[in-house]
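One structure, as structure tokens, below. Some questions next.
Labels run A, B, C and D following the written order; every chain starts at residue 1.
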Amino acid sequence: MTLEAILLNGLAVITTGLVVGAIFSLVAAGVTIMYGTIWLPNASNGQFFMLAALLTWSMVIGWGLSPFLGAAVVIAGAIPFSLLLEKCLIRPFYNVPNRNIVYFIMTLGLAQIFAGAFTGTYGQWTDNYSIPAAWPGALMIGPFPFPRTRFLVLLVSFSLLTGLFVFLRLHRVGRALRAVFQNREAAILRGVDVRRIYRFSFVLAMLVITTGGVLFAMAYGFDLTMSWTMAIIAFAIMIVGGPGSVLGSVVIGMIFGFTQAAVSLFASPTLATFSYLVVMLIILLVKPSGLFAR
Amino acid sequence: MTKLLETRGLNKSFGGVSALKDLSIHQDMGETLGMIGPNGSGKTTFINAVTGHLTLDGGEVSLEGKVIRGKRPHAIAQAGLERTYQAVRVYAQLPVAENLRVAALPHYRRLGYSNPLDGVDVLLAKLGLKPKKETVAGSLTLFEQRRLELAMRLISRPKLIMLDEPVGGLNPTEIREMIQLLKDLRTECGLFVIEHTMKVIMELADRVVVLVSGEMIANGAPVAILQDANVIRHYLGSIRVTSR
Amino acid sequence: MAHRRAAVVALTILALALPFLFAGNRFYAFILGITYLYILWSSGMNLLSGFTGLMPLMYAGLAGIGAYTTVNLVMKASVSFWLAMPVGALAAAVVGVVLGLPSLRLRGFYFTLSGLVIQTALTMLFVYVPQFTAGDTGISQIPPPSIPLPGRTFPLTGVWLEETLAVAAVLTVYLVRWITRSTLGTYLVAIREDDLLTEALGIDVVRNRVLAFFISSLIAGVGGAFYAHYMGFVSPRSFDVLTSLNTWLIVGFGGQGTILGPIVGTLILAPIPYLLQELYLYKDIIYGGLIVFTTIFLPRGVYGSFLFYRRTRAAARAAASPKPEVARS
Amino acid sequence: MLGYDSKRAGSRSFFLATIILALGAFALLLPSPGAPAEPLKGEPIKIGWIAELSGTWSFFGATGLTAAQIAEEEINAKGGILGRPVQVIPMDNRTDPAQAASAARMLDTQHKVLVLSGPTSSDTSLAIYGYAEQNKVPFVVPVAAFPRLTRPGTQWTFRVEPDAVGWGYAIVKFIEKMKPGASLALIYSDFALQRAIVAGIKYQAERSGIKIATDIIFPQNATDATVQAAQVKSRNPDFVMVSGGGAFDVTITNQLLDLGIKPEQIIHPFGAVKMILGWGPRSVGSYYGTFFDHSLGGLNDYAQGLITKFTERKGYVPAYIENFCYATVYLIKEAVEKAGAADRVKFRDAVRNINTKEITTGIPIIFDKNGARKEFMYFLQMKDVKKDIYQSKEAFYIEWDPEVIPVYQLAP
């Protein structure tokens, strides 16, 4: 290979790793917050991700809004939606023993409902969804043209992740949230209103997942198969990174992103997908609490 | 003569912090041994280690001369060494009779019974649980559950039962009854009792071992222990001698 | 309980007779066949999810292993179905035990999660070993089993195939019933309720868990083999996570940890996709709605709730009268 | 079952309300299945239409069914078949082969259909193929390209769409014509269909002196192709054959363009309408294979009728999938009339010996002994893409005999 070719491939790997990794990390962060605080393993996270992406698509293609406006609307809409969900389906189980299993099964049901609704509506309209570049053109990094939109997606997701970090570390509510991560009972003793924290973290997590979906829709074309793939990947990252650990989900998310990007240079991508599952299983067996568990 | 229970140089540490420092304790046949010590002094760890719920870092454990160290908990239980838990543990969803049936199943053949529930009624009568036979265990009072717990051990005719705070959470009257009950049991099988309530230890134990941060600092007759300056400094000073 | 025994016998006879009653209409006969398959599967899964308290989300994957092994033996090595099926079942059972080992380390939910992972891995495996599975295009024209009679072989087609499934289902239910009433059954329930205590009482938790996995996976494998040769077609999609969830939902909907629960669940849920053909756009929604509904309103399942209600009433009476009678499940 | 008492799960009625509301809301979103044609007198001639009506690829099922129903209505409006109405009975296969198999059984045993048809994907078709061959039910495959559907020994199945290995053959022929000795990069998802196409390409490439620059295969449900696009770029081939599964196809295409591959270098083996719209204006200039396109010249009245009626109903123009479904219904009509009765064996023989022209395109329909059709393929170049409409120009047309290359060895 010529030097230029090597440079081209190298930059491709880096940028792809970053973009894909960032989106994975976002969704996984949402899932992990949900599980860490509320003890809610959200099997329908993939569907929520999908919902966000599809709605963005509708806004842009259907209503002809600008991608940015569409994104904003969808993300804003996520708040009341998640509040409603919390009230109807999540809150009633806050005091149920081994509620994680209950939640798991219920969200699996939820996933079915959404899947059905999607195929019954969007599925009738088209088989592939893609929105025009929000910011057309590309930045030249050496020989490698990096599409502006995906650069934007990168910026947004990273600033979001950092924001999430700072919030959890420094802000009062964020600290309370982490207190609940670490030790529910202790948090209660210290007078944290756990139910409020639960509700808050659910909405927060939903927001993060929604944003992930929106960003994905901006960066890539997508179809209805994406939801289940995303659900599994997010779970995988959560398991490996350690439930409740945003740091874990970011680190592992990035690793996932980069492996997916790099592996095709050396091995078959199919092999990569398969290896995730194996790694995940080993981690589950060796350290069920995950690598970054507190 | 062979000891009922004998441990030689037990060692166990959790992440560098040693919970048991080469602990050598023995219990004679027919003897009731008590163990006291401040919280986190390793009493429960000791039971866990002896009954195989924990893997030891080092040391020997033998029951009636037979080595049981390294065996899995169920094997040790079948060898005749059973234990109870600090927090009462019964099958809350199942009726009393079913609880006992489960407890009897692995043992009744060895005891030469044809039916796991043989002799249950006698046992229940002795523990005053007869009328509760069909009640769901979860709906029993704590005291009843403690007795059921005991019954579930006795039904397998163990050589030794290790009781982890048998009167925890009981009121004075119940404690008195429980002590009486345990006294009567001493004829049937060996008892090893961990307690904070000195009253229990004083009345039951023939001999007391004092554990402080995994080390045996004293060992002798209850009365003697009460006077032991060392013990008072380390332990008794900190608690009221009467029952809670 | 004489009337109870009578009811059991009556049910059995009915189950065995139904295929002939439905013989007139191949369509309903087919749905009946599917129903028997799911009775078999859900009873098998119930042994784990209901009586042992482990939710094996890789169940369909195990069925797949049973199915593919059998199909390969029959179609490539032209082994008789009746020899191939046990081999397939055994393969499923062995794999099931191996994949069940995590349950010895992982408690409750983490095991469920690992099951999800394993199931996904198995489905991918089926897609990417086309030499055994023909990849995602699946294996078609799988012959129905046949009984070698002196002189000629008698192919089990039409009503006889459903009858075979009926027998298989009935035998499975009886097997599970027998197990749950045996010592093993008692141990499994004990382990489900409190594994630490159970171990302390001298019961080998590991051995019994492994045993449960073995039997349950064996049943999964048998079901898989029958499925393949009844449908005449298998593809990885036949054994994906949704199938696992279907089976689980049937068990949960009917009532875990009861013998009749899975049967009730199957009778209600299994025919739905076939009877609701016209509502194809709503099927998934109805289905998902059922799952949510079950988790919220019938945490014990249809039959389970009924038993629970009866038991609580009995308990109330027990509290009142000195000579109580207790409802048993 | 879940170890908690439902009473603790809060007010039941409230939940019931919310759930019902939720379901209701979704129900409102859902379009209702297409309306059946007004019936003529007499026992209808039933076509069992097993399609992807729900599940992942429900779009193809839905679009195909609409086209078939247009044909159904036209035929019934013009007096049906042998004076009897034709009835297309839609049956969902949930994009799941196992479901397709049982759907076939239902149509056979419950509805007693004359012929099975409808699937738009290879794996569901293969499931039905198994049932049809085993139970001697005629099966006319409108849109499924996997060669195994007409493997030697096939008795009851007939494929209207040319087989995927053949597409590979056609692609290479097309490249050969444009630039002899050109180099071709392959970048595609790991699905049976794509594997078959590539098998054909590789086989014919050797013989036509086309160099395979690189061969990149993605797992199903991959998300990003930048790296692979870069790999393609760094080999700078003359042409790139792109075929991703679902929307990933669009992603690959865009990312190839991002990296400076020219649209004129890109060849898509097949172009369904929404795919073409998905590739969008950026792809103008690139090529795609097809079997029918509204922008083809000299379309007859049937074709025009299909295009107008279909566009009215769906808001987008029909392409080859829709056309095959439409034409298949007419093919069945003609065969029944030849057979003179709605009898399965007679019908099967009639299809075997049929020698006719595709109702819309006039391209001959002749089946070989395995039920494979005399094959053909168009290659079109994209000229203009708007929101719901596009224009293309014919660049190449080729016809060939199914077994000009050993399709059944290449895609067993």
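Keep in mind that, in the parts below, contacts are C-beta pairs under 8 Å (C-beta built on N, C-alpha and C of every residue); 3 or more make two chains touch, one makes a residue touch a chain.
These figures come from a predicted structure and were not determined experimentally.
*Asks:* Suppose you hop from chain B to any chain it touches, then on again the same way; how many hops at least until you reach chain C?
*Replies:* 1
*Asks:* Please name the chain that ends up farthest from chain B once chain centres are defined by their CA atoms averaged.
*Replies:* D
*Asks:* Using only alpha carbons, which chain's centroid is the nearest to the whole structure's centroid?
*Replies:* C
*Asks:* Write out the two chains that share the greatest number of C-beta pairs in contact.
*Replies:* So the chains sharing the most C-beta contacts are A-D.
*Asks:* Return the distance between the CA-based centres of chain A and chain D, expressed in whole Å.
*Replies:* Taking the mean C-alpha position of each chain, the two centres sit 33 Å apart.
*Asks:* Need the CA-centroid distance for the pair chain A / chain B, whole Å please.
*Replies:* Centre-to-centre distance between chain A and chain B: 51 Å.
*Asks:* Taking the mean of the CA coordinates per chain, how far is chain C from chain D in Å?
*Replies:* Between these chains, centre-to-centre, one finds 36 Å.
*Asks:* Provide the C-alpha centroid distance between chain B and chain D, rounded to the nearest whole angstrom.
*Replies:* The separation of the two C-alpha centroids amounts to 74 Å.
*Asks:* In chain B, what residues contact two or more other chains?
*Replies:* none
*Asks:* Show the residues in chain D shared as contacts by 2 or more other chains, in ascending order.
*Replies:* 2-4, 9, 15, 22-23, 26, 30-31, 54, 220 - these are the residues of chain D that touch more than one other chain.
*Asks:* I need the residues of chain C touching at least two other chains; which ones are they?
*Replies:* Each of 252, 281-286, 289, 292, 295-296, 299 in chain C touches at least two other chains.
*Asks:* Testing understanding: with touching defined as stated, what is the shape of the graph linking the protein chains, line, ring, star, complete or other?
*Replies:* It is other, because the touches fit no line, ring, star or complete pattern.
*Asks:* Hey, which chains are touching each other here?
*Replies:* A-C, A-D, B-C, C-D
*Asks:* Taking the touch rule as given, give the residues of chain C at its contact with chain D in the complex, in rising order.
*Replies:* The touching residues are 25-27, 29-30, 34, 50, 127, 135-138, 140-142, 231-235, 237-238, 251-252, 255-257, 273-274, 277-278, 280-286, 289, 292-293, 295-301, 304-305.
*Asks:* Which part of chain C faces chain B closely enough to touch in the complex?
*Replies:* 183, 186-187, 189-190, 193-194, 196-206, 315, 318, 322, 324, 326
*Asks:* Okay, in this complex, where on chain D does chain A touch?
*Replies:* For chain D paired with chain A, touching residues are 2-4, 8-10, 14-15, 18, 22-23, 26, 29-31, 54-60, 62, 190, 216-224, 226-231, 233-234, 245-251, 254, 258-260, 272, 274-275, 277-278, 280, 387.
*Asks:* So in the complex, the part of chain A that touches chain C is made up of which residues?
*Replies:* Going through chain A, the ones touching chain C are 41, 89, 92, 98, 100-102, 104-106, 108-117, 119-120, 232, 235-236, 239, 270, 273-274, 277-278, 280-281, 284-285, 288.
*Asks:* Quick check on the complex: what are the chain C residues that touch chain A?
*Replies:* That would be residues 55, 102, 105-106, 108-110, 112-114, 116-118, 120-121, 124-125, 128, 245, 248, 252, 281-292, 294-296, 299 of chain C.
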